[in-house]
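In the two complexes below, subunit A is the common chain; its partner is subunit B in one and subunit C in the other.
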Partner chain A sequence: MQALYAQLLVGLINGSFYALLSLGLAVIFGMLNIINFAHGAVYMMGAFCAYFLLNLLGIGYWPALIIAPIAVGIFGMILERTMLQWLAGLDHLYGLLLTFGMALIIQGVFQNYFGSSGLPYAIPDELKGGVNLGFMFLPIYRGWVVVFSLIVCLATWYLIEKTRLGANLRAATENPTLVRAFGINVPRMITLTYGLGVGLAALAGVLSAPINQVRPLMGADLIIVVFAVVVIGGMGSIMGSIITGFALGVIEGLTKYFYPEASNTVVFVLMVLVLLVKPTGLTGRATT
Partner chain B sequence: MSVMTDDTLPANPRGIRDEMIVFVAMAALLAAVPLTGIYPFFVMQALCFALLACAFNLLIGYGGLLSFGHAMFLGSAGYFTAHALKEWGLSPELGILVGTAGAAGIGVITGAIAIRRQGIYFSMITLALSQLLYFIYLQAPFTHGEDGIQGIPQGHLFGIFNLAKPTVLYYVILVGFLGGFLVVFRAVNSPFGEVLKAIRENEQRAISLGYKTDQYKLLAFILSGTLAGFAGSLKVFVAQNASLTDVHWTMSGEIVLITLVGGLGTMFGPVVGAFVIIAMQQYLAGFGQWVTVIQGVIFVVCVLTFRRGIVGEIAHYFRRSL
Partner chain C sequence: MKNGISALLLGTALALGAGSAALAQDKTIKIGVLTDNSGLYSDLGGAGSTLAAQMAVEDSGLAAKGWKIDIVSADHQNKPDIAVNTARQWIDVDKVDIFMDVLNSGVALAVNNLVKEKNVIMINTGAASSDLTNAQCSPNTIHWVYDTYMLANSTGQALVKAGGDTWYFLTADYAFGHALERDTTAVVVKSGGKVIGTVRHPLNTADFSSFLLQGQASKAKIIGMANAGGDTTNTIKQASEFGIVAGGQKLAGLLLFITDVHSLGLKVAQGLSFTETFYWDLNDGTRAFSKRFSERTKSKAMPSMVQAGVYSGLIHYFKTLDAMGGNPRDGAKVVAKMKEAPTDDPLFGKGSIRADGRKIHPAYLFEVKKPSESKGPWDYYKLIGTTPADQAFRPLSESACALVKK
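Up next is the complex of A and B:
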């Protein structure tokens, strides 16, 4: 039973990353009509940012949790201003190709300097150790990742669904021209949205640094799984992304316990099943 | 939802005549390669990728479907052919048949799943499906995991042509490539191809005209996957191995890059793109990971400033369809 709970926890942690990443993808897709293939690369940059802050400047985990997403978010906004914005009005396949190219560049540069092996990043002192819950041993850091990711996801949901800023954002997604006529700076909003999505990915990167080690290709394979998550959940709903992300992480964890050979493929198999039963994805709204 | 511009309007008789002239010139040039002393291995490799990209281009260029998982056909057919040749001891022609038929089977299954969604979702689904196959091949015993299948016997095609001789192998690959190219050419210029283009331009309208667009898309997907598999089977004789590299998503990206550089939706773009990209990889092989970075830069530059690709720009300049 111990092993089952441990795998469940691993599943919840992976689920946190799936949720944070697919949430960012959904937010970006809503505003920019682009599937951000560079999402795995910016996730990796978040982890590296934390690593640099610690080893070059001596800045620890807690400040990095804020600085890294902002720094990578600004990097993302520069990408949006200099490149992505020129694709407005074109078929969104070009957005996929452009961001794929950006991912190759970013990952290639990091691989050149850091190879393919992982760099260690220590768990901060405050979150070391674990507690015995009776039925299982819970490492504090892992518990923290799950709880904190959940809070960030819900905060993002609140920001988009319940605040005035979010209402403007949703309106601009539906009809940018009309929203501009109301005097709202839509291009700036698009840039900030991309920054937000990218920042969420970078945050996931910082959170994963002490667990998964910091590797140039840490996001490359992850992003494909997240694509499958997005296909399953659909990108129409923020809450849908969050729930699907966590749920698939848990299912993957359970698979690791009951049938480890399929743990790599279970998300893809589920995607196939969902497509066969309900082609529009679980949260409905079919977009092309 | 058109990817392409006016350059790919339905070919008129003059356009088809132009393309036939270019085709004959291309075939003559390629047939003369062994006489020139150019390293035949390089050209053979480029031809395999050219056929692969032509098959891919049939989907994106004429059907508007961006498959980000075409490596699964290349790699699967490679494994099947390699296994048939080495373990079953089949003759080359049967080996190619096994690989191509296997790819066709995969095309039927993955196509039926992938065409259930359009646009960007289609790309993500094909990518996920190819990753699914990647993990299966990683664990399946017959692929020998990380080692791949190596030392594949080349044998005698139809019992006559000794494929171990580079010149013989070259002409066999060339005939295979030209045959595959003509299949694509025929498909694009057939009524079937016209319906595909109609779906690319406006799927709703094609449906309202009474076309069962899903069937057309599925057929295009299977045809494309089968031809990509055929290219993968041919490649086994050139490389004499089959490995995970050919199933990995980076390979799918390379196929997209080749077609993008050459020109999406042009007949000869994928061929030109294949020679450009394979040559680049040969020359830059010493630069290690920088090759990835350079490929990324080409992607970005092409998408931002050079969306027609090499052949697309030429065709646009001369106002011809190529």
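Up next is the complex of A and C:
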């Protein structure tokens, strides 16, 4: 029973990464209608950015939590301005192919310079060590990841669903022409939204740098699962992707305990089941 | 009638003579480096293996003797089907004579069959499974650098002797992990230890916390990592986070490469003990080669034992072909010749190749230095034990290989 608690908690930790990443994807898909396959690559860039900040400029973990998402977010906005914006209104497939190609190029460039084994990044001193919860030894850093990503997820949800800015944004995706008539700069808004989604991925990258080796392929390994999370949660649904992210982390954690060999398949099995029963995803609304 | 027969004989003799003259003149060799160029094992093989092959060609001096040697390289993406397709094309279209590296046990076992069927050669320096020279042995394959039996024998025995008599395995769920777990279990049990549990994780897992917790709960003294590359480095890193070592358990890296230690950094990797058959700082010969190698890589990395094996294996192959006077394009015949002659090169020293295709040399047990002990980049290992060549690998008396006469 104790072991079960431990697995639940560990699942929740992994779930926070899924939630942060799928949230970014959902924001981008919901607002821009782009299936952002470059999401794993920008997640990786976030982790590398933290590594560079520390080793080239001596800037530690805490500032990196802010600087890296902004820097990578700006990179994302440049991509959106120079390439993605021309695909607006075209079939999803074009955006998918473009972002997939970009992901391969970005990963290839990093791999060319940094190899595949990755680079070390230490846990910040303030979060070192752990607490014994009785049923498990919880590293303080992992606890921090859960709390912090939960806050970021809820803040993003609030921003998009509950504020005026978010309302404008949602309106702009529904009917850009009308919103423009109200004097709102829709293209700029779209660019900022893409930057936000990319920044969220980069933030997840910084959070994961002390846990995983900083490797060029760290995102590629994760992105497929995250896509499954978004599909299960319902494409474009903000809250759906947050909840599904955490929930799937827990389910995966339990699988690792009861039948470890299936731990990288269980998410896809669930995806198939959900699609069979409810093709729009758990929280998705049917579109016409 | 008599005249007719002698004419026929004369004709045959002429044809034979012409044939052997053509053979003697065939001084072309094509080497195929089949490896992981883009995935989790690309640092320990990859482009470095191709570089090692190039250096072997340059150092062999065969070009001056009129030989023409080409190298081709491809990425098998750790997928046996892709590897076999590439290999088939290399053999049928590009006329590749010899396969080098071929890391990943799943890939190696698949290519092994094809190499035998097409009568070319594989010098495997990257795959770990000891099956390549045991049940799956082939007259066309030489297993050069290391194997799961040797790793288990050296590291497993040393750890049990040091008091680590209960084991929990964290195993990569494919041919390699299974072989390593099987061979280590045998050694642990034989040395008086006990295996109390196993968890099998998919290849290329990012988060090991769940598996580590199970290992922690097992209370085994040793957590044996029967995985490799990125899987091992992530396990080690996360194990320190979960206080595994601080809690009194010991991590056993059953297969670690210098590239892994470099990637982890000494702070995390210090104190780990494991087995390799090559280290750049062993003697003058290894240092001289490694320095030249490192200067030609982009990241200034020292060679891994897999890459060193590519160089060493090719040097012996070239010597054999040179002695034969030409390339007979008969894999089994060349391999038989290679087994007759003793091997000698600056990287692995003097050695030999057994009937089952196993290359024999000493195995070194290393411990990773503390950051304070390291004098500079890549100065990572302390030698703490050596298993002599004749004891390091599976004895022929235990072999299931059909090539071994009993």
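Note that in this section the second predicted complex is superposed on the first by the 277 of 288 C-alpha atoms of A that agree within 3 Å, B and C clash if a C-alpha of one lies under 4 Å from a C-alpha of the other, contacts with A are read in each partner's own complex, and residues count from 1 in each chain.
Keep in mind that, in the parts below, contacts are C-beta pairs under 8 Å (C-beta built on N, C-alpha and C of every residue); 3 or more make two chains touch, one makes a residue touch a chain.
For clarity, every value in this text was computed on a predicted model and none was experimentally measured.
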Superposition on subunit A - do subunit B and subunit C clash or fit: clash
Subunit B versus subunit C as contact partner of A:6, first or second or both or neither: second
Which superposed partner A:244 touches (first subunit B, second subunit C, both, neither): neither
Touching partner for A:264 - first (subunit B), second (subunit C), both, neither: both
Which of subunit B and subunit C A:22 touches, first, second, both or neither: neither
First, second, both or neither for A:105, with subunit B first and subunit C second: first
Partner chain in contact with A:231 - subunit B first, subunit C second, else both or neither: first
Which of subunit B and subunit C A:156 touches, first, second, both or neither: neither
Location of subunit B clashes with subunit C - one stretch out of 58-66, 130-138 or 148-156: 148-156
Overlap of the subunit B and subunit C footprints on subunit A, listed as residue numbers: 108, 111-112, 221, 261, 264
Complex contact set, residues of subunit A against subunit C: 2-3, 6-7, 10-11, 13-14, 108, 111-120, 122-123, 130, 136-137, 139, 141-142, 211-213, 215, 217-218, 221-222, 253, 256-257, 260-261, 263-264
Touching residues on subunit C, where the partner in the complex is subunit A: 38-44, 46, 173, 199-202, 204-207, 209-211, 213-214, 216-217, 229-230, 233-234, 237-238, 241-243, 247, 259-260, 262-265, 267-268, 298-299, 301
Complex contacts: residues of subunit B adjacent to subunit A: 1-3, 60, 66, 68, 113, 116-121, 123-125, 127-129, 131-132, 135-136, 138-139, 249, 253, 256, 260, 288-293, 295-300, 302-304, 307
Residues of subunit A defined as touching subunit B within the complex: 29, 35, 83, 86-87, 90-94, 96-98, 100-109, 111-112, 221, 224-225, 227-228, 230-231, 261, 264-265, 268-269, 271-272, 275-276, 279-280, 286-288
